Amino acid sequence: MSTNRLEAFSDGVLAVAITLLVLNVKVPPTSDHDLAHQLALRWPEYAAYATSFITIGIIWINHHAMIGRLRQADHAILFWNLLLLMSVGILPFATSLMATYLKQGHGSDHLAAAIYSGSFLVMSLMFSALNRQILLVKSDLLAETMPEQQRRAIFKRAVMGIAPYVIATALAWVSPYATLAICAAIAVYYALPRASGSP
Amino acid sequence: MSTNRLEAFSDGVLAVAITLLVLNVKVPPTSDHDLAHQLALRWPEYAAYATSFITIGIIWINHHAMIGRLRQADHAILFWNLLLLMSVGILPFATSLMATYLKQGHGSDHLAAAIYSGSFLVMSLMFSALNRQILLVKSDLLAETMPEQQRRAIFKRAVMGIAPYVIATALAWVSPYATLAICAAIAVYYALPRASGSP
Amino acid sequence: MSTNRLEAFSDGVLAVAITLLVLNVKVPPTSDHDLAHQLALRWPEYAAYATSFITIGIIWINHHAMIGRLRQADHAILFWNLLLLMSVGILPFATSLMATYLKQGHGSDHLAAAIYSGSFLVMSLMFSALNRQILLVKSDLLAETMPEQQRRAIFKRAVMGIAPYVIATALAWVSPYATLAICAAIAVYYALPRASGSP
Amino acid sequence: MSTNRLEAFSDGVLAVAITLLVLNVKVPPTSDHDLAHQLALRWPEYAAYATSFITIGIIWINHHAMIGRLRQADHAILFWNLLLLMSVGILPFATSLMATYLKQGHGSDHLAAAIYSGSFLVMSLMFSALNRQILLVKSDLLAETMPEQQRRAIFKRAVMGIAPYVIATALAWVSPYATLAICAAIAVYYALPRASGSP
């Protein structure tokens, strides 16, 4: 299979998922008379929205770089790509769960934060698994031959992206706010243009 | 009509349908204090989500292979493709119906499971009908000439994909859990990379 | 502007609109014990869903044929195309309105049916307006020179598609069921493969 | 990165956001017996829908023109493009907020209108920031060399699009209806085909 339609379908899923996030940003009920206060109370919705939006945006950028290395895709690559898309597709739910429980100051906000960060963790695991297929297992499908050392270096960089999410997920049991802050910081770190090269 | 825009539109519908599935994964109400327990009770939502997601993903892969054989499309092919897309477009509803009734342990969960599996059955019927148009009726539109025997073999394989859904739908009257298990097993079977060839 | 991105964006809007229709097909509440009866009562939802789905599908096919005639697009064509997309974008609302009021046997179902059919009417008016721009006003942007007679013939065919929706809208005041039946019949008429040529 | 996939992803997000707007156009409850009256009361929903739809459509047209000038994109351009997409992605929320509060004649409708218009303001700021990157900072990535004077002229035109939204947002504290009227007027002004050239 050519990579064109793989990219088109993946772009579609990522574009829909990133835009569906807005459905979790709710209009406060008009029964309350102070809209400004209501909106202020709902800050976790906006923080979770922005964090998830930028994270999916980064995944899209990295996905493009990853698939761009391929000459063509086989069934195993399509399989791992589908699992990656599923892990992104669930993010609107995880984002809504996090925002809802954090906003309510509910006792279960630790679990909600763990699931939120855990979803990003699964996403980065799937991303690494797909990268492993492309760079190490099916390297004969690469568009340009690449020395193994270089392939391992790119793969390692993807794997290293997993670690911060492990920390963020573990910290959920201490403070769900810390989890959200770390997830936001990861998003900003990867999003910011750097002096040299992309992530 | 060239197949490019047919693919683009079909990819769009499949990408939106697969991503809309997440809207059926609901955030448990914060009025209950045990989120973990609430999430555990909602396992049918997650099982139905994953099953439908992977099934639509497989349909996308197979759709690509099917359309990729065409040089161009005529009105009849567009018509059958539209019916296939409609059968996929309804899946978020069927998935939600199944999850809702299975979760509630409602007496009507047999019917809900039959509709869920029946939707996949209709989808695979439409897929076979479209394949029949392409391989047997309008074989002059194929990109490369293919011996009739080979065309019949590919068509037979598509038709054989219908049988498991007939069984799953019939079993809904015995156990809706069995129906869900079979649909999930079909999805995993087709999704898993195999030693030789794609489905 | 090249027509490629115009087609891509239009395809995207049409694909999202056609797939969002499913959000109006509601899962019956589990508080009622007879799901089969509940589903039967909701037949207007399914009829309106199928009618709108096929109608948008036909618009997509015709849109492709229309834009395919263009070499490039100017601002006026983009403007009329945007109005056409807006008239399609509102269809999930009109479909839901129609289904909700018809299902309830509500006295306002005449108005709801008039709005439903009226939305298709506006859509076909926008389609004709866009066709007029392309075929008669900006014919210098056509990919291939076409005699005026032929251009007028294609335009007339598009305009004739308006008439049935005028009748369906007028009949809403007699019977909303008649309106739905006519809209469904129009969809089936244009969708069915014909012996010779496409609509 | 080539601009093809940047355009495809951006088109996807814009197409989904523009089509999701319809979810904020609600079907009036059947408990009220006068549908015509109900629909008339809800005019802010339709006005806000049309205004946002056309505004996103214009952003799409201008986005195409802006990206079309690029030969390729770097990380900074992707970053600013992502922020632009986020500002568009939030519009369905801002539109719904505006419509809900204006409809209810709620005392907080001033704030709701300021947020609505403010969202367009942020969007035009992001658009100018992206334009600045492309035209002034990374002009070596342009497809065709362009004299600085011409680049500054295009950039100035984009920046000038910010002013009306500043006025509309400030006026929200006087009258939310004035804000909506100005936003609608801006949309119509940019959408209307002009005798010479596009905006």
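In order of appearance the chains are A, B, C and D, and numbering begins at 1 in each one.
Here, a contact is a pair of C-beta atoms (placed from the backbone, for glycine too) under 8 Å apart; a residue touches a chain by one contact, two chains touch by 3 or more.
Here the structure is a predicted model, which means the values were calculated and not measured.
Enquirer: Over half shared numbers or under half: where do the identical copies subunit B and subunit C land at their interface, same or different?
Expert: Copies use mostly different positions to touch.
Enquirer: Average the CA atoms of each chain to get its centre, and name the chain whose centre is farthest from that of subunit B.
Expert: Taking each chain's C-alpha mean as its centre, the farthest from subunit B is D.
Enquirer: On C-alpha atoms alone, could you tell me the rotation angle mapping subunit C onto subunit D? Nearest 5 degrees is fine.
Expert: To bring subunit C onto subunit D, one rotates by 90 degrees.
Enquirer: Just curious, how far off is subunit C from subunit B if you go by their C-alpha centres, in Å?
Expert: Subunit B and subunit C have C-alpha centres separated by 26 Å.
Enquirer: Could you tell me the distance, in whole angstrom, between the mean C-alpha positions of subunit B and subunit D?
Expert: 36
Enquirer: Among all residues of subunit C, which ones touch two or more of the remaining chains?
Expert: Touching at least two other chains: 8, 12, 15-16, 20, 23.
Enquirer: Applying the document's contact rule, which stretches of subunit B touch subunit C when the two form their complex?
Expert: These residues of subunit B touch subunit C: 1, 5, 8-9, 12-13, 15-17, 20, 23, 74-76, 78-79, 82, 85-86, 89-93, 96-97, 100-101, 104, 106-108, 111-112, 115.
Enquirer: Taking the complex as given, what residues does subunit D use to touch subunit C?
Expert: Against subunit C, subunit D makes touches at 7-8, 11-12, 14-16, 18-23, 25, 27, 30, 33-36, 39, 49-50, 53-54, 57, 60-61, 64-65, 68, 191-194, 197-198.
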